[in-house]
Amino acid sequence: MRPLRARYGLYAPAMAGLLFAGPAFAQAPLTYLTSNGPNADAIRPLTWALIAVSVIVCLIIGGLVLAGVFRRPGLALPEPGSPMEVGPEGGGLSWLWIGVGLSSVVLVASIVWTVAVLAHIARPPAKPDTHIEVTAHQWWWQVNYVADDPALDFETANEIHIPVGRPVAFKLIGGDVIHSFWVPQLAGKTDLIPGQTNEMWLEASKPGVYRGQCAEYCGIEHAHMAFVVVAQSPEDFARWRAHQLQAPPAPTGQAARGAEEFQMHCGGCHSVSGTQSGGDLGPNLSHLMQRRTLAAGMLPNDAAHLAQWISDPQNIKPGVNMQDPKLSRAELSDVLTYLVTLQ
Amino acid sequence: MPERVQLQTRLPVGAADTRSLGWWAMIFVVFTEAALFAYLLFSYYYLAVVVPHTPGTFPLGGPLAVKLAGPNTAILLISSAFVAWAQTGIERGNKWRLVGGLGAGALLGTIFLVIQSFEWGNQKFDIPSSAYSSLYYVVTGFHMAHVLVGVLILMALTVWAAMGYFNRFRYAHIHIGALYWHFVDAVWIAIFFTFYLTPRLGLMS
Amino acid sequence: MSVSGYERAPAIADGSRPELRRHLELLWEGEGGFIGWLSTVDHKKIGIRYIVTAFAFLVIGGLEALIFRIQLAWPNTHLLTPEQYDQLFSTHGMTMIFLYAFPVLTGFSVYVWPLVIGARDLALPRLNALSYWLYLAAGIFMYAAFLVGFGPNDGWFNYVPYASRDYNGGPNMDVYALGMVLLGISTTTGAVNFVVTFLRLRCPGMSINRVPMVTWGTVTANAANIFAVPAVSLAFFELWCDRNAGTHFFTPHEGQVLLWQHLFWMFAHPWVYVIVLPAMGMVSEALPVFTRRPLVGYAAVALGTIATMVLGFGVWVHHMFATGLPPISMSFFSAASIIIVIPSAVAVFAWVATIWLGRPVFATTFLFFAGFVFLFTLAGVSGYMTASLPVDWQLTDTYFVVAHIHYVLIGINVFPVIGATYYWFPKMTGKLMDERLGRWNFWTMFLGFNLGFFPMHITGLLGMPRRIYTYADGMGWDWLNLITTLGSFVFAAGVLLFFINVVISYRRGRAAGDNPWDAPSLEWSTSSPPPPYNFAVIPTVASRYPLWEGRMPGSSRQTITQSGLVLDHGKEQIGTGPLDAQADIILKTPEDTLVPLILCLAVTAFFVGLLLHWWWLGIAGLAATGLSLVWWHWPREELGETAEPENA
């Protein structure tokens, strides 16, 4: 019987080493192995610790199995008529005592650390002064900023701005089916469930653009329901917020014609503040051109992609609730000219 | 060594009383059906407590009247008593007590179904009216289905008993069917308590 | 001889006498031909049927996965439309978790149990046949829709509101819901059968502390099913009612969306232990054979199995950690989900100690079982990581969980099942499987599996969500997905080698003999394949390792297999007490009958009627069900259910 060259005990750690190479996750926008806010920061070391425990356990057990298999020469398969040796019953219980004993210590320690992290992130570090309500729809994010004074409320979609260094309180409202709000670099997931309102908080400690994505299967275009959280200095954030409160400038010329066509073809689903377009079935487009992406994170926001999206949304995001508006080329050109003014 | 020796003790052969496999099987069928009703009542209590109901909607139109359900409960319990009387009867070899008890049990079970159907027909709400109405019809409906099956079992047993299949040595079928029937009655107590009594004890909105 | 038809003192005799064996053969061999095939109640035939059907679903589910793995190999691929992708991944999950993972274990148990406990069949052979037919019917029912484009498309877990009629107007969800209720009847009838068999059909002397490990694993799972399956059957029935009768169990605001998740996971968490504990039992059963010593810590492993299952009922909320439930109550579930690792650790250290203290026999079964211990550990640690509530808030719904579930399902179910096939195939067919091809089989599967699924841990840590039909480039996932797809194909090739080995060995395998592995348990004391009556005389066992008695240092041969109770007044078995296994009744076993198949068709007709709203068919199905049940239970003299005829 030829001896086995068992490489498998070394296989997993080699794979892990290879794939854990730094560059791999420096360019992964949705990884949570790096974090940029106190909520996610509290979770990250526990995550790494559990990974370390897991790797060590696998190495130990794998090593013991290999050592156990190879420490004595193997036996050949039995021949009929010649019974093989049989070891005694009993013995070996110390393996169980020691193994289970050590494991229990590690497990209880894990529970303690888990509870400690939970206690730490149960409440934000300071009282939030920015309140955002997110309502999830198939397959876009409605974002409402809510202030004490209702005159300071406004709505946007798919892009959330927050001030750096200040906790932000979120109310997560289920719209149609279950979705999940997840921006990994800042916090863990919380679902948006129809019939209830969930609450969570997060905070960014550095300025940046953080990607989020729906994390609960919600239908055909679940794969394309992303959003972006832009963390800005408090001054930039205040400026952005003030700008959002203003209605976009009144259009002239071709843009004005485009505004009329927009109201006719698009206003039933989309709103633009300060105009007659007041639909609430699709994203609010008041300051569309300020956003970095279109179609919930699918496309970069520039004129070419905007034209593609409007003329054939079903081709880009099959199943999306936006029907082809069936604009003629002239109408399309007018509407685009108008949309570009929605800064 | 002789070709055959005898075991010293005589063992019963076939389906003898509660050593029959059918009896043991019915015990676990009862467990699984009990679990089913537990989950049904869990649905009730969960929806009662977790969903914020507008006042007066859970139960819908106030607590259910007991003027039909109360006597109906008694009818079901009496039917169980008759079936138990039939069981002890056949253990003593009394065939006509067996037939009479089973038949009375089946008859009372049928009356229970008739009265409850009447109660269904007189409810002011339909199945799709609300969460409460959904629970009412589905939970009591599941129970009624179990009662119907139980009545059919009792009827079959009555016929088989009258045909002389059972005696004081062989009556496993009777105990198996009776176990099912007693279970169905016990479950009704839990359902009656949940639907008819807990709103009067404060679980309502 | 006997005093009356009601009692008898059974004879004891030598089991090797040819006239006894001929007589038993005539009593126990079933009908031949097509009718015999449809009406058999022989556990050996039904067990093999279960295994073959389950393996067929394994292949189908695997092909589904390979198709969407091609889609996922590169970013922004559009090989499949989103709807096709969603139906494929949902049907893949449904197939593997419901139509393969548990039925294959049931099949092995149906075949092996009576042999390993010294009985001639399960407690309720007709119910056994019914369980199989209902399984097949449910599988066909659920696939019929998939094949015409109406497969489930909301994942195997089927969350509302997406599963409700507002968002899913076609029949997809109705097929899944009713099919699952139908399958639940199969699972429940099987569960009752196994538990009663465990309590009443062990041969004399097989007291509770001598029960084989494979039996412990399966009985625990089946006892759990008795309490867990109604939750999912009810959940699916309530969903069907919401969709078809306008009820409001799960509608937002009126009902409660999370009620679905509670009911579903109250079943589905215990279910994930149900689909691995029997496989772990098989490893505990056969690993000792290939390390030439008894299992270390028998009692600890048996109790650990039960503890895992019981605790498994108390952790379901860990599937709902992101739903916004109060963190205080979720912390209890998080702690319980970490504590439940402890009984599994008992099993792991028992296996490690058994290998360490034994001497390995490098048969293919041993390769699969030793590899299994490592895969089990990997599966366990990824589960341990997700058990921590705040960490799960990052890990959940990413590919990390996909890695975890596949290490559990493939590592703790598929690998032991393949190893168990190499082990018991000789008993079932009388032929050994090819060892050389077996080694190729193992290494291809092992390397392919790890190549395919280990990277998913990393893909998940890099944030790739689950259940997405494609992904953008620049997310850091491209290479990992490509490697996973390649690994999956290598793994599939390994599985193909397994099936090739099965077919080749069935045709041309070396003769196995009664006990090719020199194993200790009772099934190896009878021929390969066993005669229809399993044992000519009922054995009396005196230890956990009957055929190793006298050879383990310090033991003496006390188990008696050559002579024992002769039960030949018809198809008979011995019933024994649940704890001490003392004989207390002679049981009559039914002949082959078509009634289970007819009952299955009647029940299926009822469900088809519900699905299509053909109420006349539903009522006809119910009526046929009732009539079949009455016929089934008609008191029969040959089963000892009736008063004996008066003697003249």
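A, B and C are the chain letters, set down in written order, and residue numbers restart from 1 in every chain.
The definition used in the following text is that contacts are C-beta pairs under 8 Å (C-beta built on N, C-alpha and C of every residue); 3 or more make two chains touch, one makes a residue touch a chain.
Bear in mind the structure is a predicted one, so any value in this text is a computation, not a measurement.
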item: Chains in simultaneous contact with chain A and chain C; value: none
item: Chain closest to the middle, measuring from C-alpha centroids that were averaged per chain; value: C
item: Interchain centroid distance [CA atoms averaged], chain A/chain C, Å; value: 36
item: Centre distance in Å when chain B and chain C are each reduced to the mean of their C-alpha atoms; value: 31
item: Cα-centroid distance, chain A relative to chain B, in whole angstrom; value: 51
item: Chain A, residues touching no fewer than two other chains; value: 195
item: Per-residue overlap in chain B, given as positions that touch at least 2 other chains; value: 51
item: Multi-partner residues of chain C (at least 2 other chains); value: 253, 255-256, 258
item: Interfacial residue positions of chain B with respect to chain C in the complex; value: 1, 3-16, 19-21, 24-25, 28-29, 31-33, 35-36, 38-40, 42-43, 46-47, 50-51, 127-128, 130-131, 133-135, 137-138, 152, 156, 160, 164-167, 169-170, 172-173
item: List of chain C residues in touch with chain B within their complex; value: 2-3, 5-14, 123-124, 127, 188, 191-193, 195-196, 199-200, 226-231, 233-234, 238, 241-242, 245-249, 251, 253-256, 258-259, 262-263, 266, 563, 565-566, 569, 574-575, 583-588, 626, 630, 633-635, 639-644
item: In the complex, chain C residues that touch chain A; value: 81-83, 86, 154-155, 159, 161-162, 167, 252-253, 255-258, 291-294, 296-297, 300, 322-324, 327, 331, 334-335, 338-339, 341-342, 345-346, 348-350, 352-363, 370-371, 373-374, 377-378, 381-382, 384-385, 388-398, 435, 446-447, 450-451, 454-455, 458, 461-472, 474-477, 480, 513, 516-518, 520, 544-545, 548, 551-555
item: Residues of chain A defined as touching chain C within the complex; value: 1, 4, 8-9, 11-12, 15-16, 19-20, 24-25, 27-33, 40, 42-43, 46-47, 50-51, 53-54, 57-58, 61-62, 64-65, 67-69, 71-78, 80, 83-93, 95-96, 98-100, 103-104, 107, 110-111, 113-115, 117-118, 121-122, 138, 172, 174, 176-178, 180, 182, 184, 187-191, 193-196, 198-199, 213-223, 298, 318-319
